[in-house]
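Shared between the two complexes below is subunit A, which pairs with subunit B and subunit C, respectively.
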Partner chain A sequence: MTPPAPRRDKGLVRPYVVTEGRSHPTRNTFDLVTLVLAHEDRPLGGLSPEKRALMELCLGGALSVAEIAGHLMLPVSVVKVLLGDLVDSGHLSTRAPIPSAELPEAQILQEVLDGLRARL
Partner chain B sequence: MSDHISQVVIWCLVVAVAAVAVLLTRQRSITAGLRRRVAQLEESVQARDEEIGHLVGVRLPAVADAVSQEVPLPGPLDARLAGTVFAQRLQDVMDLFAQAVEKAQSRADQSAKAALKASMRALQGLAHEQQLAISEMQERHDNPDVLRDLLEIDHANAQFGRRAQAIAVLCGSWPGRQRVASPLTDVVRGATSRIRDYRRVRVHSGQNELAVVSRVVEPVVLAVAELLDNAARHSQPNTTVEVSLQPVHNGACVVIDDAGVGMDGREIQEAVAMLSGRRAVDVSRLGDPPQFGYPVIGVLAARYGFSVSVDTRSPYGGVRAVLFLPSALLTQLELDGPGTTPLRERGRGEEPRHTPTVPAPRGPSRSRTRHPERTHAPQEPPPAYGAGADRPAEDTGTPHTTPRATPRPPVAPHSTDTAHPGDTPTAHPGETPHGADTPQAPGAPHVTGSTAGGLPKRRRRQPAPGQQRHSRPAAPMPPADIPPERSAEETARRMGAFARGTRTGRTGEHRFPPLPGDRDAAGGPTGAHAPTPAEDEGNPHA
Partner chain C sequence: MDSALASDGAVYLPRTVRTAAKILVVGHFAVGKTTFVGSLSEIRPLRTEETMTQAGAFVDDLAGIDGKTTTTVAMDFGRLTLSESLVLYLFGAPGQQRFTRLWQDMTQGALGALVLADTRRLDQSFEVMGLLEELGLPYAVAVNHFDGAPTYPDEEIREALDLLPETPLITCDARDRVSSTRALITLVEYLSARTAQEHV
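Right after this comes the complex of A and B.
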């Protein structure tokens, strides 16, 4: 028998158990594209399984809220509650994404890139 | 002569009188015997009448009642009738009656069970459907207020589903849903999801990686849920229910302690009898209000081979329930590490088709899609990115992908080793336990399976041990024709510097000489190349 691939069964643990019944994140600073960074020095003991999984996910590098939700297979709003807790406990910090208005246009990018390549 | 005549007459008379006297005496004794006999017979008839009255009035009702509770049946009223044919016939009547009652009872029970089972299956199906709908709504709505309401509905729905499921199981149905093998912690928390007072349950799981085989996940969830529900309902609302998971030599135990009222000896005896699963359960005799918990657990335990005992006293004063899972029902899950999040291209209800094709249990490593248009599809993030930031957040999927990438790559797990012509030999830190990373074009999003909605998932790179972490807002931006000797991190750093440079340029605050070629570090079209890599990388932490 092949070992079953690791996968969480989605319907087993319901979201209210994950958030302990809460629906409002402790802080309202999360967006779908907010980037989340884990602090490596924080202990993971005592965290709920979902929070632990979230931390392990984020320890690999910055992730957006939407990506975390996708990987954990949890609703985004539930992930936000968990993120709020983890930011409060100092496990995570957030960083706002680059606003789209400040992103340069592709054409300029291409030109500058070409220029850079020529120089560097 | 006359003397002779009179003498003869006298003798005749004497003989006659004597004969009459003898006859009379005999007659008398015969009459007395007959009287006695008649009295005896009358008495006997009366006794039989009474016996029959007793049969109808006492013994047969007792037989009818005895089906619901075990009581000694009353015997015949008159001991003198014992051993007679009459008593034998009465016993035959009793037996026939008992059989008839039993047959009627079992028939009624069966039809009740069938009716209950069918209706509970229907309710179960509805609860499941509703759960799916609620899950979908939870994914779709981002408003905490809506989520709160949805969580409440979800909770009520889960309890409702459990009730229906328990009754269906009691009526001989299967527990229902097929689950994948799940960690014991998740099984217990899944059970917690289904009871009213889920907030009072504390699960101490420790760090065991025990998992329950898929066949018994749902039965164990149901059994633990019933135990937890009992524990929570029979204890004060301000106490907690402590659950600990303990690996033992022959399997694993789920120990549930409550601080409630406990059970007395008779209750424990009854509970043990029900939990053994040997006693046939009759749905019509579960008491009022019906007590489903222990009979359901007993049925499940007997059917699936685990055992439950409740005859110990908890150190908190209440009941300690121990559910023992033998090793045959346990398995070992290879837990997903940080980099190996479950990659599973599964739409709902489609996974059976794919499960056999995913043999790599922990190496869902670099499963990139094989088709170039797919690898490029998520490579146009700037519009999606900007749009995602502008729009009020309502897509639940990954914002970095376009809907064109939705065709689910069915062969994704197998394409892990496809070499890519444009790949750079840059250093790729081992991100999977195998370390079998294929080199990759810098900045190319790594599609690792897809979400439930069919969108591809991007995999992050992990930094090399020596390198610092990077946040990658700009990572997807570089085009694919980068010279191969430049690492992704370096490119990204340059692009970050460039982005800041253009921003500075547009705001018109030229803190650096704007002349191109003036200084290598700060000049040029980049405007501000001043931040050192260290600053750049420190930035994400800001």
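Right after this comes the complex of A and C.
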């Protein structure tokens, strides 16, 4: 049975075409909330349309992996493959979600609590 | 709706943000997850979709259709920049056992979860609570108040949901920013107290 046609207008090609058949990124360091930063000095020529779109999005500023997937309307798993390649090629760097070795969870929880209380 | 979200310009994080934390907002279908995330988020909530291979044979509303092997799971999420160095992401996702892979991705590194419940369908919260317990993620329960839904004393809801004595139970209105913020604060206070206990 054919799955229903995707509602997105950008999704003209199937996810595995975008990732050149791969379902896993070259590195396993991406969480949904890993923050991604683009390097402005890298050439965009030669990148696939999806990677170019990703770079153009990220050149504006820092975003999480989940936000990139949401804005590009691509599945998170596909975005992780693209990000892996772009980190490998020096186009992007990442900031680990919670640098647990440096920041104990208790401190993060306290900061979250302070931040939420300040919003009331 | 999808294209409306897509045409939005991206709202970037301040350059000073160093840490991203994650809290899950979970519950059964139509319990108010997206509404809750939407009332708290500083950005218009975004949606990501994952195509999943079915672990089981049955799909909601598709029982009887043979050969369906994949399904699309949508995850709505929002963002709150809490300080110049800290951003909090709220992820709302359906709490069904068959989406285990999505859940592993979501729960990895999450601080905890807020389970939204509806007094008219309390029994439907068991599956998601079971999943959280299986994954070892601490949670609080927030009863989302729907207009016209019956209200019960906390003790009765606790009993109906079979909550542990320490699990916080709160009532909230997912449409209201302050009420939703309070529910989140109750969860984080609980998480904070647990962490403090572990380190005594």
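FYI, the second predicted complex is superposed on the first by the 87 of 120 C-alpha atoms of A that agree within 3 Å, B and C clash if a C-alpha of one lies under 4 Å from a C-alpha of the other, contacts with A are read in each partner's own complex, and residues count from 1 in each chain.
Please note the rule applied: a residue touches a chain if its C-beta (ideal position, glycine included) is under 8 Å from a C-beta of that chain, and two chains touch if they have at least 3 such contacts.
None of the values given here were measured: they were computed from a predicted structure.
Engineer: Determine, under the contact definition given at the top, whether A:G70 touches first (subunit B), second (subunit C), both, or neither.
Structural biologist: both
Engineer: Looking at the overlay, does A:S93 come into contact with subunit B only (first), subunit C only (second), both, or neither?
Structural biologist: In the superposition, A:S93 contacts subunit B only.
Engineer: With the two complexes superposed on chain A, say which partner A:I108 touches: subunit B (first), subunit C (second), both, or neither.
Structural biologist: Both: A:I108 reaches subunit B and subunit C.
Engineer: In the superposed arrangement, which partner chain does A:R119 touch: subunit B (first), subunit C (second), both, or neither?
Structural biologist: A:R119: touches subunit B and subunit C.
Engineer: Touching A:L57 in the superposition: subunit B (first), subunit C (second), both, neither?
Structural biologist: Both partners, subunit B and subunit C.
Engineer: Who does A:T19 touch here: subunit B (first), subunit C (second), both, or neither?
Structural biologist: First partner only, subunit B.
Engineer: In the superposed model, does subunit B or subunit C contact more residues of subunit A?
Structural biologist: So, of the two partners, B touches more residues of subunit A.
Engineer: What is the contact status of A:P49 with respect to subunit B (first) and subunit C (second): first, second, both, or neither?
Structural biologist: A:P49 sits against subunit B, while subunit C stays out of touch.
Engineer: Enumerate the residues of subunit A that count as touching subunit B in its complex and touching subunit C in the other.
Structural biologist: Shared contact residues on subunit A (touching subunit B in one complex, subunit C in the other): 3, 7-10, 15, 31-33, 35, 57, 60-64, 66-67, 69-71, 73, 75-77, 95, 97-99, 103, 106, 108-110, 112-113, 115-117, 119-120.
Engineer: Under the stated contact criterion, what part of subunit B meets subunit A in this complex?
Structural biologist: Checking each residue of subunit B against subunit A gives 131-132, 135, 138-139, 141-145, 147-148, 151-152, 154-155, 158, 177, 179-183, 185-187, 189-190, 192-193, 198-199, 205, 214, 217, 221, 331-342, 344, 355-356, 358-362, 382, 385-390, 393, 395-400, 431, 451-452, 455, 457-458, 460-463, 469-474, 477-479, 483, 494, 498-499, 502-503, 524-526, 540-542.
Engineer: What residues of subunit C sit close enough to touch subunit A in their complex?
Structural biologist: Listed in rising order, the residues are 2-3, 5-6, 8, 10, 12-15, 17-23, 43, 46-51, 65-68, 70, 75, 77, 79-80, 82-83, 86-89, 91, 105-106, 108-109, 111, 178, 181-182, 184-185, 188-189, 191-192, 195-196, 199.
Engineer: If we count contacts the way the header does, which residues on subunit A are in touch with subunit C in the complex?
Structural biologist: It comes out as residues 1, 3, 7-10, 15, 31-35, 57, 60-64, 66-67, 69-71, 73, 75-77, 95, 97-99, 103, 105-106, 108-120.
Engineer: Enumerate the contact residues on subunit A facing subunit B in the complex.
Structural biologist: Contacts found on subunit A: 2-17, 19-21, 23-25, 31-33, 35, 37, 49, 53, 56-57, 59-64, 66-67, 69-73, 75-78, 80, 93, 95, 97-100, 102-104, 106, 108-110, 112-113, 115-117, 119-120.
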